[in-house]
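Should a chain be cited, it is by its letter among A, B and C, assigned in written order, with residues numbered from 1 in that chain.
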Amino acid sequence: MNEHLSRQFDADLIALRSRVVEMGGLVDEQFRRSVEALATGRAVLADGVIAGDDAVNALDVRIDDACAHIIAKRQPAASDLRMVLGVSKIVSELERIGDKARKIARSVVAVNTTSDGPWIADIERLSEAARHMLRDALNAFVRSDLEAAVMVLRSNRDFARETSQVSNDLVQRYSRNADQVPTMLDMLSVTRAVDRVADHAANIAEHLVYIVRGTDVRHATLEQIEREALTGR
Amino acid sequence: MAVSDSLRATISRAKRNDLIFVALGIAALLFAASTFVALFLDMVGDGLSRLNPSFFTEFASRRAERAGILAAWVGTFAVMLVTALVAVPIGVASGIYLEEYAPKNKLTALIEININNLAGVPSIVYGLLALGLFVHTFGLGASVQTAGLTLALLILPVVIVATREAIRAVPGSIREAAYALGATRWQMVSDHVLPYSLPGILTGVIIGLSRAIGETAPIVTIGAVTFIAFLPPSPVTSSPPFLSFDWLASPFTAMPIQIFNWTSRPEEAFQANASAAALVLVVMTLLMNAIAIWLRYRLRRNLNW
Amino acid sequence: MNDEQKKPDPSTLPKKAASQALNFFYGSKQALKNINLPIYDRKVTALIGPSGCGKSTFLRCFNRMHDLYPGTRYEGQIRLYPDDVNLLDKSVDPIEVRMRLSMVFQKPNPFPKSIFENVAYGLRIRGEKRRSVLMDKVEEALKSAALWNEVKDRLDELATTLSGGQQQRLCIARSLASEPELLLFDEPTSALDPIATASIEELIHQLREKITILIVTHNMQQAARVSDFTAYMYLGDLIEFGWTDDVFFRPKEKQTEDYITGRFG
């Protein structure tokens, strides 16, 4: 893409994108630590994640504000407009990932008293995959790489299957014992949170398709998205 | 501090040059104005005593104190009327044609150059042309019509140039507006260009006439009578068709000729008559210029582009 | 601009005019190159592009304004529907073309006559002499141009005493009075302040219910605001044409993208 006649506009857009990456890194770290806290049962670590969410929220507000200012001052059109709108959407996905990290951190104390070894192993494996998707989506955003974005969307389909498998296992193991149902519900909710993180990463990939192609693929099938993203039609 | 000092020095040097030019300009203006004022006052001093009603109602006479300018001012008026009636339609039409219709080619350029050159031809040449063409070839005689036609030729370039200037001042956007509504060229000219350029055209015509009114050489050349004791026949008659154009063919005299005639007399008394007549002529010219300025002001108020 | 989500395929819409393989020359210099552009009925079509791209030249082909100046030459056609006549044909009198299509110019150019006479002029040269008819049509045109309430008590005053924005609306009324089939706007707000510009844009918005409009503008936001279709031109070529929503949100051509996002070098 050529440069704008206004260098300041270019600088504004570059700053906007780098803040998104910054926020992506922060959210990724929050999520990693929340799962670590869960696996190790370290409440201190969990408290740090809960406190750290303020920084995520502050970045969310700051980037949204920057988007509003660019729209007001520059009246962006076409790809510029889609970039600004897309960034605004990506940022709210990131903010929600931050919320999920906080939620997992909050359940550390409740879950850890009856730590279930196989389940913890599953969660560690799944969260690692979700973090992969998140990083891939952010890298795709930085490079405007639609192929990478489609890869993220594909991974999410497999991911959903795996999480529902893990949830089903939990239900099988615990539902017979009424005493353990509250704990099971906490574990289910953590499982769902990890699944949501992967969903948000996938949404980021969809927003990237919108930014690059101008088509809203949030409610399209994966096949439609692939066709749109990779061929432009 | 030092910077602002040197700036101030530069500015005051530049301002000194301003003052010097203003002083020179005022001096030049005073020289021109005082010359005119001196001449005018001299004329007033010499001629004022002769300016009484009978001066305007008496014919020329061998006795200076009884002589008047009746034949001269009526003659001048008649000649100017013919001049205007001939020069205005021809001049305005030519101006419109050249500006709005003529294709931009070599022939048009040649005609334009010639019109500009005509404005610079000495007036005596027009007199000679008229003597050969109007007096001898067409047999129009040393009459009002010959003088009128001659002076019309003389001011034609002025009228044409003034018309073209006035037309050119009408903005292209107005022309395009008329054309865009579906006007033909003639509708555009007659509904818009001509009305809007009228002030400029009128100004040009009056300036031309005020030049013609003082012309002596061409009228002398065609043989205007220097001593005349009758008026041209009246244009209005008591019997049908109530209009007569005999005045056109009548011999005549005019203000400049009367003045010229009196100044060439040896008697001192006629010099006073000459001054008085000259005063009248100058006032007539100034009056015409004043009308031109007033008209331009009046009619241009509506045109603010 | 358009609220409806699904925009129909333009080719299904009725056309008011269309340029076909249009070339235009100033002397030996080609100013328009093979322009094929449909003008859809009762839609606003905006022409955008950098200075010298030929957008005004193109507009002025429609009412044969170039015929007024020597050394200009058209090739190709501009067809006007529904009677399917080629406006550029040698056998078609430019006066007739200008009687059917009206134009509003860059700078307000009212005649230094009364407000009434300005609006009535087009009718007068069409031979209308009846005072009552003139009065009715002048009133109607001034109402369509959203100027009637401001001038109804001063129709005999000079048009040049109006403000810039009022003068431009008067020029629009003057163009509307003769009920043109197509209204051409040549950067109609470039000499106006933002408030007057907004009122002209609102007027264009209202007019498109009744009349097909072709507008040249150097103000991209204006094109985005007032038009249904946008054509981007560059150096005499038509680069892109489509629904305004599409052209401003996801242009197909990189050149268009660069221009509307301010990357034009």
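A few comments on the model shown:
As a working rule, a residue touches a chain if its C-beta (ideal position, glycine included) is under 8 Å from a C-beta of that chain, and two chains touch if they have at least 3 such contacts.
This is a predicted model, so every value here is computed, not measured.
The chains touching chain B as well as chain C do not exist; no chain touches both. The central chain here, found by comparing per-chain C-alpha centres with the mean of all protein C-alpha atoms, is C.
Centroids of chain B and chain C (each the mean of its C-alpha atoms) stand 48 Å apart. Centre-to-centre spacing of chain A and chain B amounts to 92 Å, using the average Cα coordinate of each chain.
In terms of their C-alpha centroids, the spacing between chain A and chain C amounts to 50 Å. For chain A, the set of residues that touch two or more other chains is empty. Remark: chain B residues 103-104, 171, 173-174, 176-184, 187, 191-192, 196, 302-305 touch chain C in the complex.
If you check the complex, the residues on chain C that touch chain B are 63, 65, 68, 70, 95-96, 98-99, 102-103, 105, 107, 109-112, 121-122, 125-126, 158, 160, 171, 174-175, 178.
By the touch criterion stated above, chain A contacts chain C in their complex at residues 1-6, 9, 74-82, 213-215. Of all the residues in chain C, the ones that touch chain A in their complex are 220-221, 224, 248-251, 256-258, 260-265.
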